[in-house]
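Note that chain A is present in both complexes that follow, paired respectively with chain B and with chain C.
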Partner chain A sequence: MPEPTGVASDMGVPTRMARAGAYLGLAALAAVTLFPLLWMASIALMSAPQAAAGTPPLWPQHPTLANIINVISQQHIGTYFFNSLVVATATTVLSVLVAGSAGYALAHVGFRGRRVVSGLMVFGVLIPTQALVLPLFEMFREVHLVNHYAALVLPVAANPVGILLVQAYMRGIPAEILDAARIDGASEWRIFRSVAVPLMAPILAAVSVLVFVVSWNEFMWPMIAMQQENMQTLPVALAAIDREHYQNIGLMAAAATITMLPMVCVFVASQRYYLRSVIAGSLTG
Partner chain B sequence: MTGRRPSGVLFVLPALVLLVVFVFIPLVGVLGLSLTNLDLYSLANTANLHAIGAENYLHLLRDRRAWQALAATLAVVVVGVPATLVLSLISALMIESIAERWRGLFRTALFVPVVCSTVAIAIGWRYLLNTRFGLVNHLLRVLGLGAPNWLGNPHLAIIAITIVVVWKGFGYGMIIVAAARREIPEELYEAARIEGAGVRQRLLRITVPMLAPTLGLLALLDVSGYWQLFAEPYVLTRGGPLGSTTSLLLLMYDRGFLWWRWGAASAIAVVLTAMMWMFAWAQRHARADWRGE
Partner chain C sequence: MATVEIEHVDKVRPGGQAVLHDVSCAARDGELLAVVGPSGCGKSTLLRLVAGLESVTVGVIRIGGCVVNDLPPQRRDVAMVFQSHALYPHMTVYENLAFGLRVRGTARRETDRRVRQVGARLGLEAMLERYPRELSGGQRQRTALGRAMLRDAAVFLLDEPLSSLDVPLRAEMRRELAELHRSLGTTMIYVTHDQSEALSLGQRMVVLAGGRVQQIDTPVDVYRRPANRFVAGFVGWPPMNFLRAESLADMVGAPAGEAGVEYGVRPECFAAQPGGPDDVQFTGRIERIESQGGEWYLELALRCGRVLVRLRLEQALTVGEPLRLWVRRADLHTFDATTGQRVESSGR
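The block that comes next holds the complex of A and B.
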């Protein structure tokens, strides 16, 4: 019999039992994490009387799209969806450009003040940005950018975590590769574009998924900065619909599902990159 | 070399400018605002705007609602962070002990809440926790445990919010701990086994100490996240009942954007920031001590 390894051997019980325990434990945890989400999606497909009947049943008896159609036609969820998509996409593109160039330079281009800039990024991670919304709102009001997409994109475009992720990743790439291009007389910009960017592609993919999801789910600042209804993002609109229609469980479940489902899909589709950024992010600390 | 220097700066310039304008200047700004009496009246007529020194802070010291918000936020951090760490650790160790091909499935299932909008999550949990119709109480009734008023009882509401926060957050730590567990050399366990170390000893003497730096870092991440608690109480309870779930950030939001008492709200923001830095500082020291051993 092979020596038991890993956790199973840390637990003090025969491996097979420990393993069975691990499967059971994980199945129980998975049920707890997934059930509320699946049930919400299920309620979204229920008819009004079913959803409103005390504790809604687990499964829609006669699945209907009524709630979803209602959310689209009465609550203009399409507009909010579009806003979220614009904001998250613009934030992602901009932060990847910013983090890519900054992270690359911090790792591989010598310049004066590099250590200071690097230190500022670490400091940036430690700032609770949500505590800064008052002066931020005043700034955007002064330049008349409240209720503009820019108000949601610009403040988070320089993502210190993203920059540190790229920097850490690029440190792992030997400088010789870049130096070879330098000796050939290529300009820094050219080296960045045709040598560094292809090398960084995996970490840039990871950062972009991370930023996209965070930006999509942002709540407090978008609620403050987007006071005009037609400029609101999904979570902000969801909270507003909730204030008015919280008793309509079917409607709320539909709106919540429409808000969550895209990120669940993005996560499942890009897990490999997303989880890598989560893991790498913990190593830069 | 001389030609390279300016371009290096150019590469970091966008990041630097954005951070200075949208993070560092507001950071100084909020400190400045906290020393003024900026509110609806002085907004309407700037002749009423004065620097008032530390008055906003002195007010906070005598403000029952501020102490209550501090206590509520601390409660979520003090109970929620250890709970999250334990769940992250246990689920990570379980994931690492099962067959490779099942890991992806469970990893996905346990991580999904992390990528979901907090507002949407909180709406779902509010129905689950409903006293009369909620499924949680339905189950408790079946088990004969009564039907507590989760969101209507001041003591229970903060617990309910902590549960939701932990439920949403532990998957994140699980991924990180699982990655760190894979880095522990298997030889350590082999050696311990040969020396006759029991399984419990191996867990406490190898696994946990080897994961300590990772857990310390996770604690910092969790604290900084939970310390900025906002959306959960905003949706689940709107800070109630009786202000029992009003977090520091929610109090700042209410004072700043409902009552337009910007000076007072900024003082809360500064206190919140300072306390987070104190924790980060303490964590760094703890980590340095541990490394020094």
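The block that comes next holds the complex of A and C.
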């Protein structure tokens, strides 16, 4: 029989058990989330006959890069990848600029109609993309921007979610700090550049990840606005490959894996920062 | 250095809420003017109006003789210390101090020399590379003061600078502030809700309540000759006792009770022995006793009400026993019971 080891271990055992249980639960959740993604990556490495056999097995018998090489060489995936990258990057840069300045202004610059603008932002969040597609298409056709990167970047450059996130975050920053800079003699632009932007860096990072992911995954509007094949983005092209090669599961899995990869990279690279800022935003906002 | 003149200033917020009514006061060149009042009386707003962080609705503000109503804070030649210190959290102490100089395009070497000079003067040499979150309350306070000093402004505005510090540190910083004012000789406007701070630091003080000036005078005169019942009750601790005249009239030797007046006596103005033939005698029963070292705080039940008494007395006192005390006529303040204004004739 083991010797009783005192109060500390009496207290420690249930805590350790609880912690182990929590980790087990989290691990199970992670496994459920990751399983389809890993299976998809695994199918991308399978030979055509193995991938096509009813339900594909979990593990490739003879791993091969044939599907990936095929997707890159014959399906112009590089072009679509480039299009997606240009659109997502431009959207991110532009919407962070807009969200940063607009969110700051809505939180800390007194101007007439500030409440109305704030209300409109909330309203903007509520409008579904589907409702905007037709008028947007008409608008862009008239200014001859259909089949142009701008057609995908401009409509989402002013992102109401991003603006509201920055506004909420900046409301948590005391106005006295900005007043102190005014007393120090800084111009309004200098205050924005040297005081406000560094203070909102965490929320800007979170907004940029959010916008990049949403823009990268956007499907409906790019499908309508980019009718020329060489201007299409990855998700749209992926759907086309799906239609053309619905029996070639390995090829589709390879294309999907390539589509997903940048998202995984972005998220892994920024997750610490991202989580921290989301928490900070919720506490101070 | 400069004078600050505030003339007939009203401030009405956009929602229609009036914060200040017809406020007029002035800080003389090199003076430390304390503005004191209960929270919500408009004292911080007054300071923000002088700084230019908010705009005046009606009235004129002059700094050094020039009307500054339409000048932004950047061009008013004022420095300000905020209640929350308002340090830039993403900058080190050095950068916080240097920011104002950099903004004004001061040469790098000159900036460095002055930042280190002020840092040394405030005992912050070892803290220059730290961030505000790594500082104690007192160090943050000193950094905020240093930032204001480097601004080299004609006027210093201090908005409750000590209220976020704990009590022992507050006393120390109060001494340092007084010393700083003496050595810089800058005009300072010091806003506080703590009347003892205003009494000890201010060369003159402005008492504000409900957005109106109640009295402007030296601390000694505000204490000795409060202009109205509010000032009498607000300045001085423990607060002044107020007694209705009607009930005081039948006290032995009390002045003839004038209808419609109220008398005020400070707790420390009671004496165990009569000082002169003119003294007013109070007789009551001891309700409560509190000893504070050499002093007694007594609650005395008079026929006309209860009073708090602060007394230096060697003999032991017991609850329930009767006590006779005297107050000099000069220490009996008289106020109009309806308007609350001081009535001079029987004051002193």
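Operating definition for what follows: the second predicted complex is superposed on the first by the 240 of 285 C-alpha atoms of A that agree within 3 Å, B and C clash if a C-alpha of one lies under 4 Å from a C-alpha of the other, contacts with A are read in each partner's own complex, and residues count from 1 in each chain.
Methods note: a residue touches a chain if its C-beta (ideal position, glycine included) is under 8 Å from a C-beta of that chain, and two chains touch if they have at least 3 such contacts.
This is a predicted model, so every value here is computed, not measured.
Considering which of chain B and chain C touches more of chain A, the answer is B. In the superposed pair of complexes, A:199 makes contact with chain C only, with no contact to chain B. Once chain A of one complex is fitted onto chain A of the other, the partner contacts of A:184 are limited to chain C, with no touch recorded for chain B. Contact with neither chain B nor chain C is seen for A:172 once the two complexes are overlaid on the shared chain. In the superposed pair of complexes, A:49 makes contact with neither chain B nor chain C. With both structures placed on the common chain, the touch criterion links A:30 to chain B but leaves chain C unconnected. In the superposition on chain A, contact of A:213 is made with chain B only, not with chain C. Contacts of chain A with chain B, set against its contacts with chain C after fitting on chain A, overlap at residues 182, 187.
Put simply, chain A touches chain C in their complex at residues 174, 176-177, 179-187, 190, 194-195, 198-199.
Looking at the complex, you find that chain A touches chain B at residues 3, 5-13, 18-19, 21-23, 25-26, 29-30, 32-34, 36-37, 39-40, 43, 54-56, 97-99, 101-102, 104-106, 109-114, 117, 120-121, 124, 126-136, 138-139, 154-158, 160, 163, 182, 187-189, 192, 213, 216-217, 219-220, 224, 234-235, 238-239, 242, 246, 249, 252-253, 256-257, 259-260, 263-264, 266-268, 271, 274-275, 278-279, 282, 285. For chain B in complex with chain A, the touching residues are 1, 4-9, 11-12, 14-16, 18-19, 22-23, 25-27, 29-30, 33, 87, 90-91, 93-98, 102, 104, 106-113, 115-121, 123-128, 132-135, 138, 167, 171-172, 175-176, 179, 181, 186, 189-190, 193, 198-200, 202-203, 206-207, 214, 217-218, 220-221, 224, 227-228, 230-231, 234-235, 249, 252-253, 256-257, 262, 265-266, 269-270, 272-273, 276-277, 280. Taken in their complex, chain C has these residues touching chain A: 48, 51-53, 72-74, 78-80, 82-84, 86-90, 99-100, 103-104, 147, 151.
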